[in-house]
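Each of the next two complexes has chain A plus one other chain: chain B in the first, chain C in the second.
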Partner chain A sequence: MDMKVAKKLGLKERYTMMTRDLAWDTTFQPMDKVFPQVGYEGIKIHDWDKWEDPFRLTMDAYWKYQAEKERKLYAILDAFNQNNGHLSVTDARYINVLKLFLGSTPPLELMAARGFSMVARQMVGAGPRVACMMQSVDEYRHFQTQIHSISNYNRFYNGLDEFAHQQSRMWYLSDGKSFFDDAITAGPFEFMVAIGFAFEYVLTNILFVPFISGAAYNGDMAAMTVGFSAQSDEARHMTLGLECIKFMLEQDPDNLPIVQRWIDKWTWRGTRKLASVGMMMDYMLPKRIMSFKEAWEIYFEQNGTALFTDLARYGIKVPKCFEQTIEEKEHITHQSWIGFYMKPDATPFHTWMPQPEELDWLSEKYPNTFDKYYRPVYEYWIEQEKAGNRFNNKTQPMNCQVCVSTIKFNEPGDPMEMCFRETEYKGEKFHFCSDHCKEIFEDEPEKYVQTFISSHAALQGKCEPEGTDVNAHDYRPGARMHAYWRMDKRASGDFNGSEDQKNFAKWRAQATRN
Partner chain B sequence: MTSNAFIAFQKNEETRCIVEAIVEDNPAAVVVDQPAMVKVDVPGRLVIKRATVEEKMGRDFDLQELQLHLITISGHLDESDDEFVLSWQR
Partner chain C sequence: MTQLKTLAPYDFPSSDAVDNYAGRQLLYINWERHRMFSRPFVLALPPETLFGEIIDTHMTDCFSYHPDWAQIDWSAVQWLNGSRPVVLDRNKSLADNGIGHKDLIRFITPGLDGIAGSGY
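Right after this comes the complex of A and B.
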């Protein structure tokens, strides 16, 4: 008798069998009743089977490789802790970049996990459903690994323990929160463009690639492994976002104007969110591998141009904000650091003035702008600090109604003028950081009138710790913001003279001497 | 101007072999070394061939193992059992 040995299936066949072949069309209820959300945004889809994950990753392979990633990651984290790795970072100022990065990112990862599990339920095709489910699990993994990483630093340094409480309440965390709130309350396709394209392709390429390489350069093995392990998933996420855009454009020409509007909107929102990431690279890494401007040129201008050139075949145009972002790359990181430095009592991390050689590095990296606009500000503040008069702005910032960044960026074409826009809607005034944010508002005003801006709400007596009598005769709105934020006083103020600075010096001395 | 397709990996023993394979199969490849990572740019199209990686590593290699070391990619991806292709040429 002849025995037929079954040939091992190839990747493409395996993918088809493990995704599309396991899916079915509903019969008790019509499909459009089971999947109503895909119709709400006006996107027309004719053949869901045309969507294929180019990685052709199946669930069995997914678990295998993700488990391996986790084993590697936790082995490195253990080694880092066993060797007092936190003392091997370049200097204690570096810890503050972790407070900002790890204090703001995990809640966003959690929102992404929620969003993708919703979209995985809402999409009709098996291809996107499986890929979205994997991405949801990935985002949950990032959320967890980042928190494990925080806990290692939290044992030694101040200001890391209230990130979850502060996420919805703190002025500078609102931009990230609003990005995800905006995305998750949109429809499934817009969510995919917001996160899959703008967040992954524009933003994480800068946050998790040059910034994390910078963390490694500063001796932080823990952030390096968490960041790169997350980014190994992001390559898949970017591919999913790009696949979604191509799929919509190929399915029906009527989808073009909708997709174009989303690309315009979310490229801008991603860019705004990047200002603080760029600032981390330019100001908060004691040792630097490249400037934000250089990273932006590689990962957005060149890489973005490659993508938009490719999408031009469908009629997609370069996003409207592209020119403005090129002008702004020379300014936004300096304006952000100035914005944070001037509010030493309002962040659970420390700020400082750059050292002389750091000012020179900035001059070299930003030859067109730094000496002309920003060095004089720093030199003045350094003098003031020496005279015992460290600058401290105690007022509430004003935030943009759409991106919820503080209004601090310059007027296009005029670096000496602050950009400010306003519009009226139903008798109420709303304020914006830019033309692009104003336009986003005007497209969907009913959505953005609901934005919660703590620094504005505080002045209306809405951000008070429990037990505050807002009708008391001596009540001052916003006077107890620190209690509302649950701010650890030890974590705020200038880096010089901080408890973290003293402890780090003491522990490092203990590590090298008997 | 041709756009670059690129790929970046965490730097380790496995990716040293993978990068060697890429350089061999893509004569226009430019390798950029950065702290803890390595990025390879190729104008237009970048291919990773399983057979070449296996030769460099001296063992069997499944292209899906790339997942473990990936940091970022640029270009449209097409992955099969034998080739992992990133391309802006469609």
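Right after this comes the complex of A and C.
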């Protein structure tokens, strides 16, 4: 008797059966009550079936691929640890990149995981639901692998252990937290533009160059592998973000102005967030890959121009901030480093003045600005440090009400002047770092009046460590911020003279001589 | 006009309303063309604080690290509240100088443009 063997399903059929065929329209409750969030932002969707699934990946295949990636990743991490890989990095200053990058990123990955799982619940179409669910799991994986990467270094170096506590409390982490809080409290479509498109598509390369290439250039195979393992997911994320943009624009012409406003807003918010990433590239990697300016030209100006040329057929224009970011690429990393250098007691990572050849590298990479505006103050500080008078500013910062960066950027067209913008809402004054942040506020003031600004909260007495007696006669709100932040004193201050610097030199010497 | 869209009534207080500061108000200070200090600093002070006290304690503590600080000719200093030029009297209080909650006081020191005239 002949067996009838069913024909093996093709990838496309298999994908259809495992995603779209598993979805159904509800009948006990109307669909708009089951999916309440897809309508209120004003985005009009007429036919969810028109969503093109950019990668036809089913959940079973997803688990298989991801498990394989994890096996490879953890094999390398184990080998790295067994061989004391941390001692093979270029210079102990490099570890401060990890403290800043891995100290701020995992909680944001977790927020992305939450955000995508919320969007996955809200999207009506099965295609975007499955894709968002996978991205949510990816983000959770990145959160975990980054923490494992931290723990390898945490055993040897100071300042890596309180990142979770510090995330929602510390001044310089507020910009990233605010970015994701803003996105996750928006509707599902705005979240997709914010994270899926602006962050993952337009800006992600700038984020990964200093991290992955920076790790590779500086001998950190562990962080490099964590980065590469994540980046293979990013390709999928970028495709999802772009598909969502195109889907919205194809569904209804009324969606265009809404999407354009979100692109303008989130490209700018992302740009502001990347100022500190650029600073890592120019100042914190002992062996540099390229300047932030060069990276911006390749990944934002060139790639971004190509992308927005492609989107022009839908009526999308380049983000409003495009020109300003081109002017700012010459300045923001220097302005950020100055801001961090002057607060050596207020970060759980070290700062330092560049060495003479590093100053020359900066002059070469920033011929229009470095010698004119930044070198003189650095040379002054280097002299001061030699004289035992290292800059240590004790004041609390003024922050932008929207991006929550400290207000430290220059007036467009005048690098010597600080840029200030202000507006009044319900009788209260609000301050901004730029026209773009001011416009974002004025579009939705009800949202941004709630911004958490660390220095303000401290002056209200909301940032006190446990056990503070607020009735004591000498009580001053905000006077015990370091305890509130759980700052490890060994992790702060200048790199020169730090425990990390001494230990690294000692351990490396032990590996090479008796 | 607000672009805010919500599914439910949305009305939350400002995080930094003056009532949150127990009789004090926020004040930001910036020294123009002295960007070594990166950004303005913020203080919370009672409105009856004398403006001179701010110069002599808070501003001096912060800015005296800069070699230009000792060179300032105080009779030539120009003051701004936000972008508006103002005349400030060091013997009057914040309130009497017309300085309110979250005002940004900027001061220009003519002839002093930071280290090597760089604005820093």
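One rule holds for everything that comes next: the second predicted complex is superposed on the first by the 498 of 514 C-alpha atoms of A that agree within 3 Å, B and C clash if a C-alpha of one lies under 4 Å from a C-alpha of the other, contacts with A are read in each partner's own complex, and residues count from 1 in each chain.
The working rule: contacts are C-beta pairs under 8 Å (C-beta built on N, C-alpha and C of every residue); 3 or more make two chains touch, one makes a residue touch a chain.
All of these numbers come straight from a predicted model, not from anything done at the bench.
In the superposition on chain A, contact of A:84 is made with neither chain B nor chain C. Once the two complexes are overlaid on the shared chain, A:36 sits against chain C while remaining clear of chain B. In the superposed model, A:368 lies in contact with neither chain B nor chain C. Once the two complexes are overlaid on the shared chain, A:11 sits against chain B while remaining clear of chain C. In the superposed model, A:26 lies in contact with neither chain B nor chain C.
Once the two complexes are laid over each other on the shared chain, residue contacts for A:234 go to chain B alone; chain C is not touched. When both complexes are overlaid on chain A, the residue A:455 reaches chain C alone and has no touch with chain B. When the shared chain is aligned, chain B comes close enough to touch A:205, but chain C does not. In the superposition on chain A, A:496 contacts neither chain B nor chain C. In the superposed three-chain model, the partner touching more residues of chain A is C, compared with the other of chain B and chain C. If you check the complex, the residues on chain A that touch chain C are 36-37, 40-42, 187, 261, 335, 338-339, 342, 372-374, 376-377, 380, 391, 393-398, 406-408, 410, 415-418, 420, 422, 426, 428-431, 443-447, 449-453, 455-457, 459-461, 477. Contacts from chain A toward chain B in the complex involve residues 10-12, 54-57, 61, 65, 68-69, 72, 205, 208-210, 212-214, 216-217, 224, 228, 231-232, 234-236, 238-239, 242, 246, 289, 302-303, 305-307, 309-310.
On the chain B side of its complex with chain A, the touching residues are 3-4, 6, 8, 10, 34-37, 64-65, 67-81, 88, 90. The touching residues of chain C, counted against chain A in their complex, run 2-7, 10-18, 20-22, 24, 26, 28, 30, 32-33, 35-44, 58, 61-62, 65, 67, 82-83, 100-104, 106, 113-116, 118-120.
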